[in-house]
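Per-chain residue numbering starts at 1, and chain names A, B, C and D are given in the order in which the chains are listed.
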Amino acid sequence: MSTAETAIDALKAQVCALHAELIRWGLVAWTSGNVSARVPGRELMVIKPSGVPYEDLTPDTMIVTDLEGEVVDGHHQPSSDTAAHAYVYRNMPEVGGVVHTHSPYATAWSAAGEPIPCAITAMGDEFGDDIPVGPFALIGDHSIGEGIVATLKGHRSPAVLMRGHGVFTIGKDAKAAVKAAVMCEDVARTVHLARQLGPVPRLGQDDIDKLHDRYRNVYGQQDTTTTGAGA
Amino acid sequence: MSTAETAIDALKAQVCALHAELIRWGLVAWTSGNVSARVPGRELMVIKPSGVPYEDLTPDTMIVTDLEGEVVDGHHQPSSDTAAHAYVYRNMPEVGGVVHTHSPYATAWSAAGEPIPCAITAMGDEFGDDIPVGPFALIGDHSIGEGIVATLKGHRSPAVLMRGHGVFTIGKDAKAAVKAAVMCEDVARTVHLARQLGPVPRLGQDDIDKLHDRYRNVYGQQDTTTTGAGA
Amino acid sequence: MSTAETAIDALKAQVCALHAELIRWGLVAWTSGNVSARVPGRELMVIKPSGVPYEDLTPDTMIVTDLEGEVVDGHHQPSSDTAAHAYVYRNMPEVGGVVHTHSPYATAWSAAGEPIPCAITAMGDEFGDDIPVGPFALIGDHSIGEGIVATLKGHRSPAVLMRGHGVFTIGKDAKAAVKAAVMCEDVARTVHLARQLGPVPRLGQDDIDKLHDRYRNVYGQQDTTTTGAGA
Amino acid sequence: MSTAETAIDALKAQVCALHAELIRWGLVAWTSGNVSARVPGRELMVIKPSGVPYEDLTPDTMIVTDLEGEVVDGHHQPSSDTAAHAYVYRNMPEVGGVVHTHSPYATAWSAAGEPIPCAITAMGDEFGDDIPVGPFALIGDHSIGEGIVATLKGHRSPAVLMRGHGVFTIGKDAKAAVKAAVMCEDVARTVHLARQLGPVPRLGQDDIDKLHDRYRNVYGQQDTTTTGAGA
């Protein structure tokens, strides 16, 4: 087995395992969420097969496609969201992982068409701003991918609420994108609950800047093998 | 053992196993939900026994009844909702599976007597429309079955919110009906949460039509052994 | 070992096991719920020890008290709610099991001081009416027990929302009381969620009467070993 | 191994195990919560490492720091909240355990900047008052610790809602602080849910005083090895 094949096999195992995190943190119902990873240094990505229950996922069932979404290796159809993942990888070279979910609180904000205001320090840390709303877009062509990239390019937030649809998150690798998806639902819930109590003040911009800067820099320098969350 | 008996045994195992999905996805409390399946090509159905805890269900405890709800095989009484399931099978020959739950968010919409507006793409995919409210009906005769059929016949939605009662879903088989029940609660929750944030716009009818058409046709042709959910 | 001792041992095992249902259905936090059972034909009851984590409960840790709450057998203090349980057994001879929880939705109704309106058929079945609010009462004497009995005696509901405190449920045995506690939280949640959508109409009294009558009688005659919940 | 080393090893095992309670009771997402314990009689504390997933925590991964937060023993960076924990131990000698979470309902109250009113008897027991809001403070110096101590010193409540951030709880040991964190989220949820139903009356001050006094004294004398929660 070549080194390249070994690297892809390791990525298949990682992407497969990360789907369990979507279940664990309550982000998905039935088969409605997916994780992908870019194959470093190659025009390829690894993504969930379409319509396979999470408990039946194994590394072998993962699909390898090129960055146009064409299947290179795999026995199933790739996720129906493959075109959106591929568009992100083509247009954001710094992105190594993409996650899509319909997690309930975040999707509720997307259905209301309202950004999640940066009202708690955990949002300052991870998102550095409000979590933005992207355009409504239908599946079937590049529209969803374009909407993700247009919203997230140059934005601090690794998460976008696609209007009337759900969440896409990005990261330097698949694990970081999964973490962003978990944190997005967590803060979407907390700020939603706060809104039921009354008006929720956004943090001061200066405080948000300091939180985000410290989180990106102090954490990153300490330990590049883990992704902390304020703990 | 005859081929017919083997087919019924397989169906008993499948219906039994699908009840675990009701627990897994939080659709039921105590014993308050049930799954049934039509025996293909025969005037029979397999359904949950009445009042047996989910953890005590085994394939052998499943009940076989005719399509009037009379027990043909089984050691317990069939579910108290048997008449409603049977009515659906008698009047909707395309239906191969029926599920009933009191899942909390969907039942909340039924208690408020309000359809769930088709406000997110996952609803366009799976339900193709708002999830409709059926009439209030008492248990004990054909009223519930009539209400289900009157509401769902000719409707795209495989789910009906029976007013002041709970949810019934249908599918080409029991698994598809269970999936519809899981997705019904998922979208009932998401749209409920969105409503707390402000007015929730329905998707455009043209977009709903496109989503539903694509979901039914593109998915269906790719792989008939799985039932995808936008993933 | 005498027959009486064997009966008490069996009851200890049952009461111990039923506490797992409080955890399973999300009714309790830390150690904040308890189950008891009357010893049939004797002036004794079996109840949870005080302050012991649920995972450390074994049949041997269960406490036997008389119906004044004095310990007859056991190595720990009995639950701090023992006086309330004992009062119920002394004054409601038909009661064989009592459960107390602070389950979140039901306790929210108790904090708001509002009965849960009988708005869904599952409430008609199990409770036969609104779930009533009992008086505010402090722990330490017979006040809580008196409030429970004054509210539930002659009422169809096996559950009372003690104002600003939590839920007490009763049953012919401990399992029935646990079932009432599970169903109480389930309907408290559903009707709470419905209220967020708009006004929630109570079912017609005549319909409630029919539901409750059928549930008590048709179910009861079919199978006395199980307690169905509309399934 | 010296007696002191044995004591620290036992504390590492206990602090490690208590993190599982944060997961079990739904208080944390990803790695966003931490537990610490003072080493009795020494100017040391044991705390979670930074950014390590809960399932990878072992006693050996726990970090020992002095009460300025400088690492004395351990292979990882200590939690990014170490400065806040250390400040509490330096300034509140009666405190033996500290917990920090972003548990969703409690953090929602903190984002709204509103104390949780003492509206249920479980709050009178455990908190003896409203759960107070502390100041907004940025991570990186002593501000968070100062805010915790300024709010909790002389207050009955072992929990403070740090504005726009999350919860810190204290206790005589780490287990008591974890219990306070679990109960804080439980009552934060219940009172939040009650608020959706209408105005929620605070309990009378005299009743709160009686509840808290009884809980602290009657429970404490009965059994010092357990920490009851009204059960």
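Definition applied: a residue touches a chain if its C-beta (ideal position, glycine included) is under 8 Å from a C-beta of that chain, and two chains touch if they have at least 3 such contacts.
Every value quoted in this text rests on a predicted model; they were computed, and no experiment measured them.
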Number of hops, chain A to chain C, where each hop joins two touching chains: 2
Same or different residue numbers at the chain C/chain D copy interface, by half rule: different
Greatest separation from chain C - chain, by CA centre: A
Computed distance of Cα centres, chain D from chain B, in Å: 44
Rounded Å distance, chain B centre to chain C centre (Cα mean): 31
Overlap residues in chain A, where contacts from two or more other chains coincide: 192, 196
Which pairs of chains touch, using the document's own definition: A-B, A-D, B-C, C-D
Sites on chain A touched by chain B in the complex: 28-34, 48, 50-52, 76-77, 79-81, 100, 102, 104-105, 107-114, 136, 138-140, 164-166, 192, 195-196
Chain A partner contacts - residues on chain B that touch it in the complex: 25, 119-122, 179, 182-183, 185-186, 189-194, 196-201, 203, 207, 210-211, 214, 218-219, 222-223, 226-231
